[in-house]
Amino acid sequence: MDVGFIGLGNMGQAMVANLLAAGHKVRVWNRSPEPLKVLVEKGAQSVASPSEAFAGEAVVSMLGDDAALQAVILESGALEQAKPGLVHVNMATISVAFARVLAHAHRKYNVAYVAAPVLGRPDVAAAAKLNILAAGPADQIARVQPLFDAMGQKTWSFGDDASRANAVKLAVNFMLCVAVEATAEAAALVEAYGVAAPDLIQLITNSAFPGPVYSSYGKLIAEDRYEPALFKANLGLKDIKLALEAAAAVQTTLPIGNVVRDALLQSQAAGDGEKDMAVLGRLARQRAGRE
Amino acid sequence: MDVGFIGLGNMGQAMVANLLAAGHKVRVWNRSPEPLKVLVEKGAQSVASPSEAFAGEAVVSMLGDDAALQAVILESGALEQAKPGLVHVNMATISVAFARVLAHAHRKYNVAYVAAPVLGRPDVAAAAKLNILAAGPADQIARVQPLFDAMGQKTWSFGDDASRANAVKLAVNFMLCVAVEATAEAAALVEAYGVAAPDLIQLITNSAFPGPVYSSYGKLIAEDRYEPALFKANLGLKDIKLALEAAAAVQTTLPIGNVVRDALLQSQAAGDGEKDMAVLGRLARQRAGRE
Amino acid sequence: MDVGFIGLGNMGQAMVANLLAAGHKVRVWNRSPEPLKVLVEKGAQSVASPSEAFAGEAVVSMLGDDAALQAVILESGALEQAKPGLVHVNMATISVAFARVLAHAHRKYNVAYVAAPVLGRPDVAAAAKLNILAAGPADQIARVQPLFDAMGQKTWSFGDDASRANAVKLAVNFMLCVAVEATAEAAALVEAYGVAAPDLIQLITNSAFPGPVYSSYGKLIAEDRYEPALFKANLGLKDIKLALEAAAAVQTTLPIGNVVRDALLQSQAAGDGEKDMAVLGRLARQRAGRE
Amino acid sequence: MDVGFIGLGNMGQAMVANLLAAGHKVRVWNRSPEPLKVLVEKGAQSVASPSEAFAGEAVVSMLGDDAALQAVILESGALEQAKPGLVHVNMATISVAFARVLAHAHRKYNVAYVAAPVLGRPDVAAAAKLNILAAGPADQIARVQPLFDAMGQKTWSFGDDASRANAVKLAVNFMLCVAVEATAEAAALVEAYGVAAPDLIQLITNSAFPGPVYSSYGKLIAEDRYEPALFKANLGLKDIKLALEAAAAVQTTLPIGNVVRDALLQSQAAGDGEKDMAVLGRLARQRAGRE
C-alpha cells in the first residue's frame, strides 16, 4: 500500500519500521528531521510537507496532542490537497472534543477518516504487538486493515463514530493510571506495617492482578525508582485530564479520576513530571510522612 | 494432624473438606449446626464447644469478623483452656487493631498465634487453590504448613508480626475494590459515547488487564447484573473500612479508598448491599443520569 | 462619562440603570433587543454594533462566558476600531486562560484593559452594592473608578495583571460552592439522626457561620426547595470548572473542588442544572438513600 | 444548685469559674490535681473521686474523648452510686456510637442524662458566651438551664434523643474544618497567580464570608503561622473522624469530609498535628510545590 506517515516519535518510528517490513511503501514526514535518516535507510521515502504525505492511498498520523494535529493536519492545508479517495488514520490519543473537530474537517474536504489509537508502549510497537482501537466507516477500516496487521496484534472495532475509539482509549488509560495509584496506595499501607513493597507486588502479580500493568509499574514503585520512564507522569496527567473532560462533556463523573489527576498534578508540581508515573508511589509515601 | 476448625461458612466448609481429604483429623465447631452434617459424613468430628476444638495440635478459625472472634475465641474461655503447645491459625480478614488484641491475648495464655488470611472465594477454596498470607513465628508457620498445603496453592510469608498478614490482606482487598470501581467508571464513560460496555471489558481483559478480577466483575458490570453475588457490596464495604482504619492508624491515606468506601456506602443506602459489589457499575451509570 | 455597555442580562441591566442614575451617558448594546427598551426609557442610547459601544471614553462588558467575549469583543472587530484612549472594563467571570488571551489582544490594538469581575447577584447589583474585584493598570482603574462607584459598594484592587482579578473571583466562587456543598452534607448527616435541617441552619447562621451565603442557600436546603434559583447549578458548575482549570494551569490542586464539581455535574445529569445550586442538598439526601 | 464538675481542661476551668460566679456550689474532680487549686480559691470544693462529684443535684462532665468517659464515668462506679434524682450533663464532643452506650448505661442505673456539647473555644467559654447544643428529656434540660445560663449565651435544644446533640456538634465541626480547608485551597490558588493571601482573606471576610471562622483561621493561613493553636489539627482530625463514622453508621456520605480527613492525617504525618488546623494552608501550598 502507498501510505504516508506523519509523526515520528518513538512510537511512530517503530510503526513505520513494521510497515516497511511488511512491504508497504511509506512516505514519512516529521517536524524535526532527526528520525528520518534511519527510516530512509530502511526504505522509507522522506517527503517535504504534510501534503505530500497525503498523496498516496492512505496516511497515518501519530502526533503528540491536539495542538500538533491542529497545526500539521488542519492548518497545513494537507486536507484540502489530499489525494481523492485517500483515508487518514489518526492513531494518536486525542481529546474527544478535538476528535469531533477532526471528523468534521474531514467530512468538509471529503477525506475518509478513521480514528485508531493504540494500546502499547514503544517496545510493544517495535514488536508489532499493539492493540489497535479503531472507529470509523467499516469499509475504510477494512481498507487499512493490512496496515493495522503490520503494526499490531489485534484490531478492535468500535463502530462508525470515530470519537468512540478515543473514548475507549481514554477509558483504558484512565484505568491504567488508577491501577498505578492503587498500587502506590497499597504499597504505602503495607510498608507502614513493616511489609516490604516488593513482597506485596510479588503476591498480587501472582494472584489477583497478573499482567503487565501491575508488574511493570509495581516494580518501579517497589524499588522506588522512577527513571527511565515507561510512561511519563506528565503524559499520564495529560490523558487523565482528557478522560475527565471527555466524561464531563457527557455529564459523567470519574471520581477516582479526580484523585489520580490531583496526584499527578502534585507530582508535576514537585518536579517529577518527566519521571515515570509510578512516581505516584513516592507521593503516597510522602503523604504518610516518609521519604 | 489433629486440628480443630471453627467457623463453617462457605469458605470454612470447603477448607475442612480439603483438610479431611488430605488425611487430617478435624474437630469442627460452628455456632449454628447446619453445616456440620455434611462434614461429619466426610469424616469430621463434631465438638460441643470452641474449647474442645482447642484440644488438638492446632486449631484453625475462619470467622466472619472481629466481633465473632471476640465472642468465640476470647470470651468463650477457649484460649485459657487450650492444650499446651497448640497453635491457633486465624484465617479470617480482621482489623489490624483487633489483630493486635488477639496477638496480645495469645501471648497472655501462651498459645501460639499465626494470622493467615486468604485470597480466593469459595470456589477457589473448594479447589484448594487459595493463596494463603501468613505471618507469625516461623516455626509455627512451618508446623501448620501441611494444613496450608491441603487448603491452598501457595503460602506467602510476611514475617513474625501477625498484623502484617492482615495489613497485606486489607491492601489486596482494597485493590480489588478499586479495580471494580475503576471498571465501573470506565464503563460509564464509554457507554456515554455509545460504546457497549462488554466491548470495553473484552478489550481490557485481553490486553492490559488480564486475570480473574477484571473479567469476573467486569462481566457483571457489562451485563448490569449483580446477583448472585461473587463478593457482596456489604463485605466489600466492611473490608474497605478496615483498610481505611488500618491506614489512618499509621497516618497513611488511601485517597482512592475514600471514593470506593463512599460508593459502596451509597450502594448500601440504595438497598443494594447484598448484591455483588460490581453494583458499583449501576451507581456509576446513575451518577451519569442513566438507569 | 461617555461609556458603552455590552451584555444586558440581569446583572447588566441593573448595572446600566445605576450608571444612568449616577449621570453617566451610556451606549448600550445587546445581542437580543429585549432588554434595550426599558434602559432607553431610562436614558440609555441604543447602538447598533459592539464597535459603536467602543466609541466613548470607556466600555464595560458583562457577557456570559469566554465564547461570548470571543464573538462580541474579539471577532466583531470592535477592538480594532476602538476609539483611541478608550479603556475596556470586562466585568464577567471568565477563565484565566482567556483572560490572558484578552489582555494580549488589547495590547495588540493598544486598548487599555481592566478586569473587574464582581461579587453579588442581581439584587445586589440593583442596590449598587456589588463588590468589584479590579486588576489592570492603576491609572486606568482610577479613570473608571466613578463607574465602579456608581455600581458597587467597594472596589478591591489586585494589581496590574488582569488575570489576578479573575483568579480571585474564581477562588471566591469556589468557596461559595464549597459552602453550599458543606451545608448539604451537614444537613444530610443531622437529618439521619432525626434533627430537622432548619434547626441546623438556624444554629450555624447564628453562631459560627453568619452572613448571606449560609443563610440563603441554607434556607433552600432546609426547605428542600430549589426554585426560583439564586445561582443556578449550571453556573456553579461552570465556575468550579473554571476554578479547577485555573488551578491546574499553575500546578495547584483544589481537592474539595473536585467533589463539588462532580456533585454539580451529577445534578446536571439528573436534570437539575437550571435549579439553584443548593440542589446539592437534594443530592446529599439521595446519596443517603432518601428522597 | 449543688453541682459536680468532672474534667478541668481549659474549657472546664473556664466553665466552673462561671458556675461559681453565678452562685452555684461546685464539687470539682480531675484526674490530675493541677487545675484544682485556682478553682478552690474561687470557692469550688475539691472531691476525691468521680462518685463524690455525683452526689449533688447535677453533675457536668467535660472530658476529652470516649475513652476518658468510659474510664471516669462508666468504669469508676460513679453511675451506680449516683445520688437518686441526679442529672448528668455531658458537654464533651463524643462519638454518636458512644453517646448511645452512655444513654443506655444511664437508663440502666436510672440516672437522667443530657448531652450538651458546646460551640466555642476556651476564650468564648471564659466569656460565658458558649452556644450549648442540648438533647435529652425536656424536663431535665429545664432543670439544668440555670447552669447553661451561667456558662453560655444560648441553649439550642434538639429533642429527647441525646445522640442528636452529638450529631449536630459533629456536623458543625465538620463544617468548620471544611471552611478552613476551603480557605487553604483558595489561598493556594490565588497565590499561584500572584495575589497575596491576606488580600483574599480581607475580601472574603468583608463580603461573602463574615464571622469568626473565616477571619481567625484565614488570618493564620494568610500569615502562614500556625502556633499558638486555636484548634489543633489533631483535634480537628479527631472530630472529622467522628463525623465520618457517625455518617457511615447511618449510610450517609460526607465526600468533602474525606478530603479534609486525609489532609489533616497528612498534616499529622508531617509532624504538624499539634499546630493549628489552619496548617492545612501549609499543606495546600506544599501540594502546589511551594514551601
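We just call them A, B, C and D in the order they show up, numbering each chain from 1.
In this section, a contact is a pair of C-beta atoms (placed from the backbone, for glycine too) under 8 Å apart; a residue touches a chain by one contact, two chains touch by 3 or more.
These figures come from a predicted structure and were not determined experimentally.
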Query - Set of chains adjacent to subunit B and to subunit D - result: A, C
Requested in this report: Taking each chain's centre as the mean of its C-alpha atoms, give the chain farthest from subunit C.
Outcome: B
Query - Winner on C-beta contact pairs when A-C is weighed against B-C - result: A-C
Report summary line: Distance between the CA centroids of subunit C and subunit D (whole Å) is 37
Query raised in the report: With chain centres defined as C-alpha means, what is the inter-centre distance between subunit B and subunit C in Å?
Result: 53
Report summary line: When centres are defined as mean Cα positions, the distance from subunit A to subunit C in whole Å is 38
Report task. For subunit A, jot down the residues that touch at least 2 other chains. Result -> 251-253, 255, 259, 262, 266, 269, 287-289
Report summary line: Listed in rising order, the residues of subunit A that touch subunit B in the complex are 96, 119, 131, 133, 154, 156, 158-159, 161, 163-164, 167-168, 170-172, 174-176, 178-179, 181-183, 185-190, 192-195, 199-200, 202-204, 206-213, 243, 246-247, 250-257, 259-260, 263, 284, 287-289
Report summary line: Counting only contacts in the complex, subunit C reaches subunit B at residues 262, 266, 269-271, 287-289
Query raised in the report: Considering the complex alone, what residue numbers of subunit C touch subunit A?
Result: 241, 248, 251-253, 255, 258-259, 261-262, 265-266, 268-269
